[in-house]
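Once you've had a glance at the structure underneath, I'll fire off some questions.
Labels run A, B, C, D and E following the written order; every chain starts at residue 1.
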Amino acid sequence: MVLFLLLAIVSVAASIAMITARNSIHSALFLVVNFFCLSVLYLTLNAEFLAAVQIVVYAGAIMVLFLFVITLLNPGREESSDRLTGQRPIAFALGLALLAEIALLLSQSSLRERLGTFPPAAPFLEQVQSKISGQPTAPVGNVQAVGIELFTTYLLPFEIVSLVLLLAVIGAVVLAKRQLR
Amino acid sequence: MELVWYCLLLPLAGFAINAVFGRWLPRRGHGILATIACFGAFLAACAVFVNFLGLAAADRQRTLILYNWVVAENFRATFGAWLDPLSVLMLLIVTGVGFVIHLFAIGYMADEAEGQQRFFAYLNLFIVAMLVLVLANNYMLLLVGWGGVGFASFALISHYYYREEAADAAVKAFIMNTIGDVGMMLGIFLMWVTYGSVEFAGVFTKANSAGTGTITAITLLLLVGALAKSGQVPLHTWLPDAMAGPTPVSALIHAATMVTAGVYLLARSWPLYELAPTTLTTITWLGAITMVLGALIGLVQTNIKRVLAFSTISQLGYMFLAAGIGAYSAAIFHLLTHAFFKALLFLAAGVVIHAVGGNEDLRQMGGLRGKLRSAWLAYGVGGLAIAGIPPFSGFFSKDEIIYSAFTSSRSNIVLGLLTLLTGGLTAFYVFRSFFLAFYGASRAETVSTNDGSHHGGLHPPGATMVIPLAILGVLATIGGLIQIPDLNHAFETYLEPVFTYPTHLAATGPAAGGATYWTIAIIAAALGAIGIGVAYFLYVARPALAANLAQQFAGIHRFLYNRLYIDQLYDLLFVRTTRWLSRTLNRGVDRLIDLLVNGIGLLVREASMTLRDVQSGYVRHYALMILAGTVLIIAYVLFGGL
Amino acid sequence: MVDIITPAIDTGAILPLCIVAAGALITLLLELFIPPQRRSWLGYFAFATTLVGIASCVPLWNNGRYAFSDMIRIDNFAIFAMILILAATALSVLLAIEYLELMEINLGEYFPLILLTAAGMILLVLANDLILFFISLEILSIGLYILAGFMRGNRLSEEAALKYFLIGSFSFGFLVYGTSLIYGASGTTNFTSLAIALGDEQIRTSPLLLVGFALVLVGYGYKLALAPFHSWTPDVYSGAPTSVTAFMSVGTKIAAFAALVRLLLTGIPNLREDWAPILWAIAIVTMIVGNIAAVTQHNIKRMLAYSSIGQAGYVLIAVVATNSAQRTIVNEAMQGILFYLLAYTVMNLGAFAVVVALTRADQEQLDIPHGYSGLAHRHPWLAGLLSIFLLSLAGIPPTAGFIAKLTVFRAAVAAGYWPLAVVGVITSVIALAYYLRVIILMYRGPEREVTEEPKAIPIPLAVVLVVCVLLTLQLGIVPGFALDWAQQSLFVIAR
Amino acid sequence: MAPLSYYFILSALLFTVGTVGVLIRKNPLIVFMSIELMLNAANLSFASFARAQNLMAGQVIAFFVIAIAAAEVVVGLAIILSIYRTRQSVDVDDLNVLKG
Amino acid sequence: MSDPPILSILIFLPVIAGVLCIVLPGQRNSPNAVRWIGLVAALLTMVLALLLLVGTTPGARGMVLEEQYAWVPQFGMSYHLGADGLNILLIALTAILTPPALLASWNRLGERPGLFVGLILLLEGTITGALVSLDLILYFIFWEAMLVPMYLLISTYGGPRRGYAALKFFLYTSIGSLLMLVAILYLANAHLTRFASASPTFDLPELLGTQLSFTEERWLFLAFALAFAIKLPLFPLHSWLPDAYSQSPVTVLVLATMLVKVGAYSFLRFAIPLFPNAAAEWLPILATLATIGIIYGGLIATVQRDMVRLLAYSSFAHLGFIGLGIFAFDRRSVQGSLLQMVNHGVSSGALFLIVGMIIARTGTSNLTELGGLARRWPVLTGLFVLAAFSSLGLPGLNGFVGEFLILLGSFRTQRILAAIATVGVLIAALYILRLFRRTMFGVERSPAIRSGLISGDLSVREILALAPLLILIIWIGVYPSPFLRRTEAAVNQTVQAITIPAPTANALTTGATASVPEPIR
């Protein structure tokens, strides 16, 4: 509980800092902080694989890419003041409204009950039992369970994601490569 | 084919040939063709008449149906002729006088460079329309003739279309007549709704079946038509203007035939009118007012045709009055004689105008007696006839009306006196014009010589112009003899089957004041003579006195001269208001409606511009919109779904 | 090691998808071996691929099934949509060949990207799971982001790409978050399971689910350019290369509408009362906003963009009508959706094809007063064709657009949504205003001083124009075959 | 262990912060990061619901989301880069040629 | 059916010829080909239509000619055409008016003669289609489709404000018709759901008598009526008409007069029979609007400076008569309206042609710049006289018969309105005579004859263009029975089928009609 609160506070604070930081490098770093917090939270949720991916892919790869680009484009440049009058207040108002709606959602007791405490964690094996043939040699860990899911139920999406990545590669090449002419 | 159809066919053929092939005819060919056509029609009419006289009185009512004209459900209007003594008489008048005037017109129009084809074609068309009018066996067909003569009148008044006043007069005549047409149409609709028929036979046999109120409405509405056509107050203002047409047109259409259609309508519809006392009273008084006003205005007019026009109005007033008091026969009798002497007067005036090069102003004539003997004689005869001097025709017909005005139970002494008095006035103004034109010194020095064909003195009438004068002169002189009270009732007897005589009209009883017919006749004739005498005194013996009098009574003079300012009043009341209303509708209301319509378009356009502003190009605005939409949808889900 | 039971790999079910994806890869490879001046061969190859793809759909007809652990559902409805998508792709490819050369976008990646995007669209149609749904949505989105920015160095194209990208990712965030809520509420993301789960009253009424659904709807709304999620559309449509705009304006709509119907009818059929009013309101706003905003546009691509927003509103009318409790009316509505999409594809592609045909030597004619004024004098044929396409978009008989509107309005009236039909016709009149404005200008506008010789229309483009105009007229005059086809596409497969 | 609703609230908070970030920042990179934040909020939500239901699916979905996000980042950054090349500036608000 | 599909031929012969004209290559340099193709097609159509008219047995009940094929069975749309007394005159008239329109445009085809000729033929075909359709959707298709050629004619060949006018014309008339489409769909759906055995249909005979609540009926009637009232046009909905007419190429207006009459006809064919109860409620109101239109349009026409605008408003007023006749819903008035539709086509058509000829000679349509033309062109003047007096309803010519019957019949059911409308006859005289007098009479005042304008009197071609119209003007005036007989049975059927409550006490004079048996309707 304490851990959660701590992480929650840090992550929210980091996220707010991220969207308010004048310097984009700071923003990126605050986002990394946030990602770390989330990664720990994934651990508390028995999602070790996700936690690892969060660190490796997100905080590692993606954010590094971000930092590269930031430094490439405009290291340390401050944003000029907002030209769009009213944009900020309305944005905040709408953000608050969204939050208020969620708060309202939670004020409904039935939902609070459903979102009550977590049930005791079931072993991963149980969760993927139906998708395994024969006896497992060892208890299944989180990574293994995710893998089993990916190659059974989520086989098609998994394959399809490759298309997404392919597209991304082509896109990056098309958009970023120098004009050939 | 019945003979009577030839009366229609021949002038129609004349019209068609002139209209379609006229351009290949020689210049005089149009007139000759038209005159022959009209003469043929006259011969046919005579044959019809002779045949007719051979029939027993009771059989003198026939209906000839040519074909079903308009049939829609139970509404039926045939194209048919209603032959009875009245319509045959009208047939004779129209074709007869028509022929004479056609003949006259050949000479009169001979000098016209162009337009003869048009003129004679329309003249024939007029005869056709007028015959349809008098022969029609139902009101709808009558309306065809009614409209047709109106059209012919329009076309002929505007013969000199390049003169603004002629064009205006033609339009005015047609519009005023259309007012009448509207009234008549409404009357016919009401008649049809009431009786389920518009055929004379159908209506008259059932005349009694309707309430007095309805009949009064029908007759009043028909009366509107009659008033307009016959130039009666208050729809008389077109007739004087119509004199802008060539003089034969004035003689034929605006004196002898068309304008009497109103009287014909009243006489034809007498079974209805007899059931509507209110209408009859209206007719009587309108007739009386017209009679007097026409005479009064006629006193001071300086245009010779205008004088005659007002005289026509006035004489038609007599006829209306007669019809109003039930003396239909007298009205028709006067119609007949009037056709003779008024046509004669117009033709004589035409000769004069023709001779002096188109000038119609009495003040620029004078002293023509010696130079235009035929015209002088004709005008004189016509004048004597209209003045009611025995034994000229007007004497008998007018006195019949005057006598009826004194004796009819529907009349009263005031009307009687008015008819008498107007007789005197008539004599005066006609002879005023007579003396002004033919006596004294010539005042023609200001005659315009612009018109190339007319310079070089007077233009003597040719034979084709003199012969008609002679024919009409004879008729105007002796025409009245067919009906002499106490001696000869030929006319009345002839018409007897038409007017099963109203019982309340004493045929020849003692007048209200105890006077007999002949007493009244003598008084009337005397008044006529006095009128002539005064005219002679003022315009021949002491010409200066007339001018003096005019100056002395300048106000009245001007009032009368300007025709009581009725034209101006109408202009103010109707023409201007209509125009104002139309302009307001056009510039105001219609534009407003258009604006409303276009306003919707503008609104859309404005909305579109607003939406374009919202589409600011800033991504963050777009994101804002998405978020706002999301918040709204979630709000609906949470609150609306609860 | 653990042996896992891999699900049956039902390649047959995804054969069209495989063919298109494979075609994309081969095209990509081919580019290496084809001399630059023969790049158009790539286009013809891509065209051939789509035709093969269409052919591969045929054996699936009336042979619907679920596959890959219920991840996809293939039925006649999906096949109709797939064929439509592939046909639209085929036409877009033909449309692009000459255009790209003219605009000097001589990049071989264009056609692979188009094919990959089309693959994403096909997958979107097949998806029976929210996961697959957002993955395929992302494929087609990423493909289109790239294509929109394809004219490198062109500011407008780049701006379009970034705007599209930012708004797309933003909406994608909503979509994913909404999916997580649905998942949280029901424990599943699979449409089939979802429908079963929603049988539980507690789950069905869970506000979590409803909010999740609302957020997912935002994702759809963005992709379908429904107001108020439409705002990227005009900017992207006008900034992107015209051939891309043509492709995305039809392909995306077909795929996303098919997916929306799939979600609504098979995923959450029990939520009718909840989504119908929302879509009702969105339909009205979309029709009004799209059509009104188009009235004052000067750029023909922007105008067509707004017009496509309006058209989406009309399709949405039929989507709302699927809410009806009566099966026949639902069928009618679905038939309306499919027919409308078919008609929209040919008439909209046709209109864009004319815009493309007017492109000459690096110069696009997009400004309506300038480029289209007096066009009938210079290009009577193109002007005539454009008139037909625009009149069809406006719904004037005897064109496809009229029958399309008729089917949609008919379904709406039958389902009791006649107010939607009334709004539909009123906005149609507004729409008429801007379509007609172009036609007036073409026929009456002052003739521009043009010295250049009228250029012959390249054959691929001519093919597109002819196909589009023939179909536009045929669907308007004898729509029976298409209606029958749409009718047969409604068979719902039995498990 | 904190109840599920806490996780839910946290993810909602992060999501909202992310949306607000998109709205208020002009630097496309930060806007982009905000979007990443939104996706992460969703992932947190997936993971926590997965835990609550003891189902692996949520975790797998989160994995897919991360994969897609990675692809998106690549394309997004490429677009930003190419714009920077043309304009030498990357301000979202400067992209307003297309409008109306 | 072994008979040749005459109705289809009447529609598609002009349509096909029209398309042919449009696509014919090389027309810019040699317009003769398209001219003759157009004229021959139009003449063939005319001959066929006249044969149809002559071959029709007067008094026949029901459809004298009918074609029905399944078309889109999925929706219940059928290709159902029919001709009976209600439309047969209009079909023939459409066919008769087309050759004059082509002949009059002969030398004024502009740069793309094929387009002009083709659009005229397309207009003819679509108008005929709208007139003969008995399937509501088919009807709607033709109804909308006929706007397109007219729109293109205005926007391509029209006056200086053609863009505005064309757009307004199209949008204004569309808004009504599209609402009607919704009403059609609603009606068909109601039919489908309320008859257990019904299959979807848009067939008029089958939809007649669909059970509707009164509220539904009222709204549906209003939707139909709005469409037709805009087209007719009725009083406050007329503002498209003057703009559209005055910006159209004048020669086209001959045919355009048919366009508006489809609106009037449609009231009789569709709106009233389909929704009799609502019609009963609304007919008096519509009749009032029509009457307002007569007076209002007439008065405005009296102050127009532009000849074509004057005629446009005069058309508006005349159409008011037609409307009144229909809305009064008396058998005679309805028959009168049908006849008057022909008359209006003929008379106004002739006037439009003549005014077009004047404009072609003087280069202006402004009345204040004209005058005294009678001297210059006597033949033109003579024919103008005929057309003008036909238009103002001179007894003995065609217009009178129609107006008389309309007013007569209306006088029975709508007495006060009929009385007011009769005044419209007077107003008609005012504006027509003003037009005639200002152009033909008075001091000669035509602007200097510019180069490129015709200076001579009417050519043989122009006379030929006018001839059929002028013949009809006289024929119908003198012998209208053949026309009336052909409409009688259908009008009876239509009117009899519907009970309109007898008018309440609006007798002109109290107690006038009560005692007298009402003439049988």
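Going forward, contacts are C-beta pairs under 8 Å (C-beta built on N, C-alpha and C of every residue); 3 or more make two chains touch, one makes a residue touch a chain.
All values reported here derive from a predicted model rather than from experimental measurement.
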Fewest hops from chain B to chain D - one hop per pair of touching chains: 1
Common touching chains of chain E and chain A: B, C
Selected interface, A-D versus C-E, where C-beta contact pairs are more numerous: A-D
Innermost chain, where centres are averages of C-alpha coordinates: E
Approximate Å spacing (C-alpha centroids) for the pair chain C, chain D: 26
Inter-centroid spacing, chain E versus chain B (mean Cα positions, whole Å): 36
Distance between the centres, which are taken as Cα means, of chain C and chain B, whole angstrom: 78
Centre-to-centre distance between chain E and chain D (centres being mean Cα positions), rounded to whole Å: 65
Per-residue multi-chain contacts in chain D, two or more chains: 8, 18-19, 22-24, 26, 32, 43, 48, 52, 55, 57, 64, 68, 71-72, 75, 79-80, 82, 92-93, 95, 97-100
Residues of chain B touching at least two other chains: 601, 612, 615, 617-621, 623-624, 627-628, 630, 634, 638
Multi-partner residues of chain C (each touching 2 or more other chains): 131, 135, 138, 142, 145-146, 149, 152-153, 161-163, 166, 170, 174, 207, 211, 234-235, 297, 433
Chains that touch, pairwise: A-B, A-C, A-D, B-C, B-D, B-E, C-D, C-E
Residue numbers on chain A that touch chain C, as the complex places them: 101-102, 105, 108, 110-111, 114, 131-134, 136-137, 140, 144, 148, 151-157, 160-161, 163-164, 166-168, 170-171, 173-175, 179
Residues of chain C touching chain E in the complex: 335, 376-377, 380, 384, 387, 391, 396-398, 402-403, 406-407, 409-410, 413-414, 418, 421-422, 424-426, 428-429, 432-433, 436-437, 439-441, 443-444, 478-480, 483-484, 487
Chain A partner contacts - residues on chain B that touch it in the complex: 618, 620-621, 624, 627-628, 630-631, 634-635, 638
Complex contacts: residues of chain A adjacent to chain B: 84, 87, 90-91, 94-95, 97-98, 101, 104-105
Partner chain B, residues of chain D touching it in the complex: 19, 22-24, 26, 92-93, 95-100
